[in-house]
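Both complexes below contain chain A, partnered by chain B and then by chain C.
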Partner chain A sequence: MVDLLFYVAALVAVLTAVGVVLARNPVISVVSLLTCFGSLAVIYLLAGFQFLAAIQILVYGGAIMVLFLFVVMLLNLGGLSPEDEDGDDPLFHDRRRSAGGLAVAVALGSASLIGILRGARHLAEPANGYALPDEGFDALPALAEAMFTRYSLPFEAASVLLLATTVGVMVLAKRQRAVTPAGEKRP
Partner chain B sequence: MSVPTEHLLALAAILFAIGVAGFFTRRNLIVVLMSIELMLNAANLTLVAGARLHSSTGPLQVDGPIFVIFIIAVAAVEAAVGLALVIALYRQKQTVSLDAFARLED
Partner chain C sequence: MNPDLIDQYFNAECAAALAPLVTLAGGLLLLIVAEWFEPINRLRPLLFVGSILGAAWAEVALLNTPVPAVLGGTYSADKASAMWGLVFLASTLIAWVHARSYYRKSRPFLGEHDMLLLAAPMGMMMMAGALDLTVFFIGLELLSIPLYCLASFRRDRSESVEAGLKYFVLGAFSVGLFLYGVALVYAATGTLSLTALSEAAAAGFSPMAHVGMAFILGSLLFKLSIWPFHLWVPDVYQGAPTPVTILMATGTKAAALAFTLRITGLLPESSAGLIALLAVLTMAAGNLGALVQSNLKRLLAYSGVAHAGTLLLLVAAQRASGDLSYEATSAALFYMAAYVATAGGAFGLLAWLEADGEHFTQIESLKGLGRRRPGMAAAMTLFLLSLGGIPATGGFLAKWMVFSVTLDAHLTGYAIAGVLMSIIALAYYLRVIVAMYMEPASDHVAPPTAKRTDALVATAICAAAVLLMGILPNVFLGLI
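Showing the complex of A and B:
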């Protein structure tokens, strides 16, 4: 029963991921990606990672996708994009470039699938068949202990990265006025 | 759940390939950024599958979940910077099509 739920969630994740790539309307892409992240959160929950499922919903669903949706609506990209003057498909690159990209994706995907399915028989089989510990595989005490001892340096680096991003994004997205009050042109 | 690890890894590989396809074929800059998020999520799923296998066969290991948390932080940063760049580029050309930005000097 639980296994069946995993396969349903996996199917939803794959279909919505295809929807992200194929959708004509960027808003549909955003909503598909949100559904994809939601089904990935279900998979994390089924696999025994409650905390990761929670932050998947909170950070991806709550923060990142809202940011995407905000930009799509701010720039008013919701409608269908008109064809450009060359009459090209507004969605995809020209045929040669698309075929090349698709070939790279298919080669990468099939290579990793073959590798996974061939290598799977060398994986160590757990004796108790993935029995779930009571507090899951990402028990918060163990997670916090590792985060603030062994991984304290990456933790600090992440905080610096977030600060630098906040400042950098403010500078990037600030509307640059062409003329200062003194009447001089800014570079 | 008793789903074998290779099925989780196969799902991650499929999602990554779809992300690569979107990254190389779409013209819309915002959809390209969303494809990158999809690829980062496939990487997260791989780490989760590995952490589950290692924690089931031995003592509890939290390295996988910690890496997932860091990847989510980096993904948030990447989305913020990428979308700020999209807004800055949109001000220049009033479009988010990648063709308009093939030559960045003009």
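Showing the complex of A and C:
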């Protein structure tokens, strides 16, 4: 049962991920991404990461997706423009290049897959077998302790990072007004 | 929280190790607050220089009393990281001085520009001091995201926007590679700590861990601009505002190199030859690319690629022979310190010339500069000669140290190839010097007139540092 659920979730995750890239309507892309996030949450849950699954749904499935949908709706209310529908798909515009890119992607993917499959055989079975603890692998007390002791530097630096990102986005996105030397703003 | 835990993690050693980062973060917050109050806003330069100098002071204190590992062994403030920190701070300060009059006075968001500029060295320090892949990752982002914004800071120029976008897309791709590699390494070994990983590597990595390390190395080579991951460099360096290019060319490269040297032990022994081959190919790609450039900014970008190749020889040497790690690190530090002074000086002069018009990045427009602005031409000549590795400059000693470490590691063929490449490099550096001194100025180009005290002081200090490193290297080597 668990195995079956995993394979279904994994298949849905891969198919919707491909859909995100291939869909020509941005709304379909966003909805595929949402489904992909959902199936990833199922996989996390099956692997024993309950908190991560909940966060995945709340943050990615909830907040970030709403933001995506907002942006798509605001930017592209009219759907595709006529020239886009001529079959001139920007992704596959240059067939030779996309074939080359695909070849590199397949080569890298299969090389890493071979490494993973060979590596998976070397993985030692944990001492207590594969038994799942009741509170999952990411119980909050342990997570919180790690976050505020061992990983307090990256945790705090992440807040500086978010601050810098906010400022950077504002610099890039805000409409610029010329400021006269006296400090007065004029449009 | 358990008081024992607090003592264990947040003690005096930890405070000393994190002091440079905390100083920069404090300065960054003050810069944001300063935006709201006009009287404080005038002190912005003081705030910026103050935070940099404060962080530098903390790094010097760490040089005397290094802290090998804090926070449960996730961050190290050893002597090498403290030296790297000083290199990053110098690079940021040079970039900032040249940014001061690069933009129009009426340009909005100059306060935000300084703030983003201050976030970058924080990220670099975390990259250089990281003993844990999580710390490195956050540092990498803290460096990259401000740089993406800064690269497209001149939104009125399409080249600048293009540079920012290119840097962002390729940077995001390389971060994706890195995270994929980290996931594989974690799946194979169950740890992200470099100390635990090197124990696991000594016992023998599984193929999955090797694939993961290959991905991690690939993403580092992206940031280091190594062939075949160097294609973004000329466009981004040319398109970005010149002061930002200074930071990208010197600081980012130093940070990526510092971490690459730290993780060489995790790569398979057989990779030394491959890395050395990549180094030689990078030198070839950079030098041959630079030969045909007519734009000095683009030429310096290609020369930066070639220098990255030279530096990668150190990584190969350290991998080939494990007991060379002290020599390799000190050669890397000396090379990057010299490179910050030379490339920072050369790009800085370009930023200065650009005040009179963007066409001054063309070699064509520099003809006759030797008569029109003898001081500027002399400084540019000194920087170009140092980049080319002429004796009596810092660049010569830096190259000599790299090649001698490479020879010690018995990578003789690669060292010879590297020396030959440096000779090719002289051809294009000399072409610029010939244009400045031996060709008559063209009548359509008005001579550059901008007089700037801050840029003059920065250039003079860079030139003095280049000469000092060439003539009295012991002053600098004694620090390492």
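Please note the rule applied: the second predicted complex is superposed on the first by the 160 of 187 C-alpha atoms of A that agree within 3 Å, B and C clash if a C-alpha of one lies under 4 Å from a C-alpha of the other, contacts with A are read in each partner's own complex, and residues count from 1 in each chain.
The definition used in the following text is that a contact is a pair of C-beta atoms (placed from the backbone, for glycine too) under 8 Å apart; a residue touches a chain by one contact, two chains touch by 3 or more.
What you see is a predicted model; the values in this text were computed from it and never measured.
Chemist: First (chain B), second (chain C), both or neither: which does A:143 touch?
Modeler: Only chain B is touched by A:143; chain C is not.
Chemist: Applying the touch criterion given at the start, work out whether A:172 contacts chain B, chain C, both or neither, answering first, second, both or neither.
Modeler: both
Chemist: Check the residue A:112 against both partner chains and state whether it touches chain B (first), chain C (second), both, or neither.
Modeler: After superposition on chain A, A:112 lies in contact with both partners, chain B and chain C.
Chemist: Have a look at where A:49 lands relative to chain B and chain C in the superposition and call it first, second, both or neither.
Modeler: first
Chemist: Go through the superposed model and pick first if A:153 touches only chain B, second if only chain C, both, or neither.
Modeler: Second partner only.
Chemist: Counting touched residues of chain A, say whether chain B or chain C comes out ahead.
Modeler: Counting contacted residues of chain A, the larger count belongs to B.
Chemist: Once the two structures are superposed, pull the chain A residues common to the chain B and chain C interfaces.
Modeler: On chain A, the overlap between the chain B and chain C contacts is residues 112, 116, 119-120, 123, 151, 154, 158, 161, 165, 168-169, 172.
Chemist: Which of the residues in chain B come into contact with chain A in the complex?
Modeler: Against chain A, chain B makes touches at 1-11, 13-28, 30-31, 33-35, 37-38, 41, 44-45, 48-49, 51-53, 55-57, 60, 62-63, 65-66, 68-70, 72-77, 79-81, 83-88, 90-91, 96-99.
Chemist: For chain A, which residues are in contact with chain B within the complex?
Modeler: Result: residues 2-3, 5-7, 10, 13-14, 17-18, 20-21, 23, 26, 29-30, 33, 36-37, 40, 43-44, 46-49, 51-52, 55-56, 59-60, 63-64, 67-68, 71-72, 74-75, 77, 81, 84, 90-93, 97-98, 100-102, 104-106, 108-109, 112-113, 116-117, 119-120, 123-131, 133, 137-139, 142-143, 146-147, 151, 154, 158, 161-162, 165, 168-169, 172-173, 175 of chain A touch chain B.
Chemist: Per the contact definition, I'd like the list of chain C residues that touch chain A in the complex.
Modeler: Residues 1, 5, 8-10, 18, 21, 25, 28, 32, 38, 71-72, 74-75, 105-109, 112-113, 115-116, 119, 122-123, 126, 132, 134-135, 137-139, 141-142, 145-146, 148-149, 152-153, 155, 164, 180, 184, 187-188, 206-211, 215 of chain C touch chain A in their complex.
Chemist: Could you pull out which chain A residues touch chain C in their complex?
Modeler: The contact residues of chain A facing chain C are 111-112, 114-116, 118-120, 122-123, 145, 148-154, 157-158, 160-161, 163-165, 167-172, 174, 176-181, 183.
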